[in-house]
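Think of it as A, B, C and D in the order they're written, each chain with its own count starting at 1.
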Amino acid sequence: MFGLNAKNTRLLFLVIFLVAFAPFLMNPFPTDSAMAQFNAGYPDLMQRFVIFGIFAIGFNILFGLTGYLSFGHAAFLGVGSYAGVWMFKLLGMNIIPAIAASVVVAGLLSVVIGFVCLRRSGIYFSILTLAFAQMMFSLAASVLTPITGGETGLTLSLNDPRIFGAGAVDGNIPVPGFFGLEMRSTYEMVMGGWSFSFNTGYYFCAIIMVLAFYASIRIFQSPFGLMLRAIKTNQTRLNYTGLNSRPYTLAAFVISGMYAGLAGGLMVAMDPLAGAERMFWTASGEVVIMTILGGAGTMIGPVLGAGAIKYMENIVSKINKGILEQWFSFMPDGMSDIFVTLIYPFIGKGWHLTLGVVFMLVIIFLPGGLVEGGQRIKSIFSRKKTEDTPADGAKTPAE
Amino acid sequence: MEAIVLQLLSGLDGGSAYALIALGLTLIFGTLGVVNFAHGALFMIGAFCTVTLQRILTLSHTVIDDTQKDFLGNPLKVQVPYIQDWVGESAAASIIDWSVPLAILFAIPVMLLIGIIMERGLIKHFYKRPHADQILVTFGLAIVLQEIIKYFFGANPIPAPAPDAFKGSFDFGVLLGFDPNVIIYPYWRLVYFAFAAIIIAGVFAFLQFTTFGMVVRAGMADRETVGLLGIDIDKRFTMMFGLAAVVAGLAGVMYTPINSPNYHMGMDFLVISFVVVVVGGMGSLPGAVLAGFVLGILQSFASMREVIEFLPGINQVVIYLAAIVILLTRPRGLLGKRGVMED
Amino acid sequence: MSKSNFTRRGLLKTSAVAGGAALAAPRFFSPSWADGHAGYLNAPQGDTVTLGFNVPQSGPYADEGADELRAYELAVEHLNGGGDGGMMNTFSSKALTGNGILGKKVEYVTGDTQTKPDAARASAKSMIEKDGAIMITGGSSSGVAVAVQALCQEAGIIFMAGLTHSNDTTGKDKKANGFRHFFNSYMSGAALAPILGNAYGTNRKAYHLTADYNWGYTTEEAVRTSTEAMGWETVAAVKTPLAQTDFKDYVAPVLQSGADVLVLNHYGGNMVNSLTSAVQFGLREAQANGQDFQIVVPLYSRLMAKGAGENVKGIFGSTNWHWSLTDEGSKAFVKSFGEKYGFPPSQAAHTCYVQTLLYADAAERAGTFNPCGIGEALEGFEFDGMGNGPTLYRAEDHQCFKDVLVVKGKENPSSEFDLLEIVEVTPAAQVTYDASIFGGELGTCNPGA
Amino acid sequence: MGILEIKNVGKRFGGLQALGDVNLSIEENTVHAIIGPNGAGKSTLLNCLVGKLIPDTGSVTFQGQSLLGRKPHEINQMGVSRVFQTPEIFADLTVLENIMIPCFAHRDGAFKMNAFATLRGQSDITTQAEQILDDVNMLEKSHMHAASLSRGDKRRLEMAMCLVQEPKLLLLDEPTAGMARADTNNTIDLLKEIKEKRDITMAIIEHDMHVVFSMAERITVLAQGTPLVEDTPENIKGHPKVREAYLGEAQV
């Protein structure tokens, strides 16, 4: 369906299902229970899941297919954000021009940077992209302050021109919206002990993410995608087969740059602020980590990786000692102290430690990322099944 | 003219730190083919060896001093280092004063051990994995290491001053015929420079003149062949990793008086040291050293007031700009070999 | 230890009424994050109120953030009637009774700003959206403060700034929903200049090294203006990258520049490293223009002074508050903080503690948690007994005006906390400025509904 | 006028003269072998033909058009294909995909931005690729990963990939290097079969005299970067200079 094979159609429907029902799936625990701490179904985090999902999907088109490891992709997200905020400042709070500008500006920038950096491959390419991104970060945070707002970030102000929109609403800056539909409006549904938030901005991002995901599947299974995979496995042979690898890599680079710009545009559409640290090398590293953690070269992996990282950043970091003590309060005093002491380094301010440990475990034991983990679990079940029905041999999962 | 000489000195000083870190990174990459993002963390752990030694030397028992009051108005608890009880006040003071140089002796075994454990426990399983996996796992390790340090030592910088004998500055200008007090440079930074030169020379001599070094160099050139000769290259590579860890650690130990160590100092150096390694040419030791000094000097000159006024922001980007120009004109960096890390 | 329970309790109470697993009717469909009937966002329902403490828990300011968090926990304890009450006893307003806020028990949630505007906003948003926080406070940098303040304005939540020193926070980026107790660059400059003039004379040539970001700019500007006004000359002002770790390239040329004072417009790790470099290059012992060379650090923090070690000795700077102050408020605060944690509080801890109490007091006096009511209660509020002498929360820009401390690195510290000595307490009048000089618009208060 | 004309080609690497003054003409529809001892410059010459290296002096023309300064993919699109010493295939792709890539290159040229077409929708390409796999008896392996093929199959796959594009000139760089005698003979048979079926010119760089003498119609002996002699196999066998320079040390 939609020009996809059966497997990819199933994958697409799975993704549609997941994002459509995310408000339920992300809030599995009753709001009053101790486990509610692990609920992630509030608008901001759900938006982040899908926005960074888009970022990682785009990155995967470059890295997963061609094997070119860009260490400066956050630069495109950053300029996308700046472009978006400037559209808000100049034109008005409709998100469509902002997002369009984000994609276009990021695309143009990636043409320039890609053209230069793709003259080299391997780690030399990585360092070139890193150098460009770091330069842009440094300049944005300092000498370009008039355009970028410097370290504070580019924020809206009441005196912005906004030629097509209201300057102020009740003395406040208007909020981003889609032809009057405010991105921040939320519909709360209460069901027993549970509560679920349905946020306009989230569903807007989710629809775009599904489209982005669909486009990525199409690219993966297109002749163009085949050429990109060929570049990854043997660029020499490709050149001696009469194919010019440069425009292919450049196209992949620009597409993934535009995905990053789209993510940047959506970020400001949800929260109209653009900061320079979005372009810092750690932000570029984060998308690399998301992609590899989820499973580079797989279609769903980067989305899972993005979700895992953002979950840790936003949920684990908010657990504090008080909460921990509450969890273990059912235990005898001595024992609860031991548990609290053991777990305390990993939560709250120690969430980086958890992050580091999780990376290492996944990379060591699941070279194919979370997707491989899923496949292993699946193969355990399907092996059981084949024992019952030996007729149909279990297919070994594709790597 | 004075300004130029001063900036040159400053550049050499900065370059020596870059070169030292890049040297270790290149050793690991050249021998093991591993891109080690935890190298900055090793540098940081080296620096914290100094802090640890300082803490050990100043392990104290408390004596209540009724004549003084603490901030709550209670009698002041004075910390008296045990070492003071053993060797007397003045000897103790001078031992504590010399804790940074002493930390070298402390750091060598510690770093060697950490390096070997890291290689045997983790890195060796990643020799055949893609570079991206190596980057990620070592990056994860770097985060874990720095969080552990943060857990024990906090996030604030911890001062670790140089011995009193090295405080103050040396009047370099007089040697070169300038007026006194025009070109002065801190003693400890000169010590650091000399130390870096010795370590770099030592590593080169080790690789050049020992059989161990010869085998390792052969292994760097062609690992398979060396393996076929029946030489246990793995053991030697483990030692190389230990050596690289020691180099990084010592660089960190000696760096502490220059900047008070904190848990993220390794990350601050990581990106720049990778740029240095790549600009020098992946796998080339002389390239790493050369690039370290070239970029250090460039950085120093770009930081001059006159230059910044002319080109605002150039001090922020000069290293990256230089890296781009060098990589575009010399595809494999300054002294890189063909075919290394190009795919 | 206060037990926190992090829920959207407003929703729960309703659903409890609806009962069972039956699908409760959607309570509101509002075009904002509003909580419907209360007229403002996240109106506390039931018997508790949730505050959001958003502090740096990772990154270079993690220790400062940890100290802020300690202060918040202490403040919550005092508000709920625990401990010895701390500054509640010395506070001139007596609205707080140790019975929570407006009779509701105070609970809190914590988050990590990472000292990044983006992360700080994400964390604040989760407090607002997930935990139903009614007020956000904390932070250790102006970038974060400005970003979170803007978010709170947009969402309709009160923001009580933590440590933020840039003029922008209550200057060009001021917001109706944001309040700052901490002092700013302008005040530092105004308080420092006369002291510097007395100590070093008015015939001085200054060389500025300035961290290349907003706070650095406003601080350089403030110190330059006030020192030039008394006759100092500014030889040069060089911007240093925020991410710089070794300042040798910037410090090395200072001696030859003809300057005889070095002003380090740096904070945190930047300050520790640049000061260390400056001392290494012999600037403290040097002579220039026939006078002793001097170094000035406009904004001191005790935590950071510790990082610079003995390099701070004898160096002037300013600070918002110091534990060695002997007024009743400071003594009470140091006592309860010190007894609970074993060491004296930092200025960041002090400002955070005070901000929490001020918020609670404003709510009590206003009789509501509605941000607009709280804003009214805080605007033009005059109080005393909080450690900085008589203080005014100015209505025009939501900035506190109070005494500013000029301090100096102590020559013979008696403990690891005793690093700074107070040189002068500059009276509020001397550091007060016209609210309009930094531009910006306060806008109107946003209750979020 | 041959299909490939090499005139006065020279190439230096630093101080080393890799190619002196090479003049060589390869006639259409012949199998032309270039032999010579190690270091004779055979590989350098080949790299000068495919665009990997640019000669310092001289000219290379293919069907009257100069090849100098053209990129490898352009030269390939002109009708020159290359077979490598160790088979260069797309190891991570399936056998079918390996074949489809040159099919696309042949149909669409060096670059086509067909990101929203589907592979399955390209029925002409799939049919063609399957046809070719059938021709080389690899159809049943079409969904295997190319990396898991035997060495002989990899070589066959590589040849098939080259032939898809209907090259006029096939350059073979020691196609049997490292092979056992049986595999070598299979390869010779494969090449002979290709030669019979198509109008194709082959230039073989080869060490193995067995291969050379069982296939070549013309032989050029290269020594120290210059052609020593060019002649038919029979004459080369008996040529004293060749025996001296080459065969003397590597008697077959």
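Heads up, the rule we're going with is that a residue touches a chain if its C-beta (ideal position, glycine included) is under 8 Å from a C-beta of that chain, and two chains touch if they have at least 3 such contacts.
The structure displayed is predicted, hence computed values, not measured ones.
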Based on which chains touch which, give the shortest step count from chain B to chain D. 2
Give the chain pair, either A-C or A-D, that is connected by more C-beta contacts. A-C
So, comparing each chain's Cα centre against the centre of all protein Cα atoms, which one is closest? A
Expressed in whole Å, how far the mean CA point of chain A lies from that of chain D is 46
Centre-to-centre distance between chain C and chain A (centres being mean Cα positions), rounded to whole Å: 33
From the C-alpha centre of chain A to that of chain B, how far is it in Å? 34
Could you check chain C for residues that touch two or more other chains and list them? 58, 62, 66, 212, 239, 241, 243
Note the residues in chain D that touch 2 or more other chains, in rising order. none
Chain A touches at least 2 other chains through residues 138, 142-143, 352
Got a list of which chains touch which? A-B, A-C, A-D, B-C
If you look only at chain C, which of its residues touch chain B in the complex? 58-63, 66, 212, 236, 238-241, 243, 245-246, 248-250, 252-253, 255-257, 269, 272-273, 276-277, 280-282, 285-287, 303-304, 306-311, 323-324, 334-335, 338-339, 343-344, 414-415, 417-418
Touching residues (chain side chain A, partner chain C) in the complex: 31-32, 36-37, 39, 42-45, 48, 138, 141-143, 145, 150-153, 155-159, 168, 170-173, 175, 182, 184-193, 195, 197, 271, 273, 275, 277-278, 313-314, 317-318, 320, 322-323, 325-326, 348-349, 351-352
In their shared complex, at which residues does chain A touch chain B? 63, 67, 69, 116, 119-124, 127-128, 130-132, 134-135, 138-139, 142-144, 235, 281, 285, 288-289, 292-293, 296, 345, 350, 352-353, 355-360, 363-364, 367
In the complex, chain A residues that touch chain D: 3-5, 218-219, 221-227, 229-230, 232-234, 236-245, 247-248, 251, 255
Which of the residues in chain B end up touching chain A in this complex? 35, 122, 125, 129, 131-133, 135-137, 139-144, 146-148, 151, 271, 274-275, 278-279, 282, 312-313, 316-317, 320-321, 323-324, 327-328, 331-333, 341-343
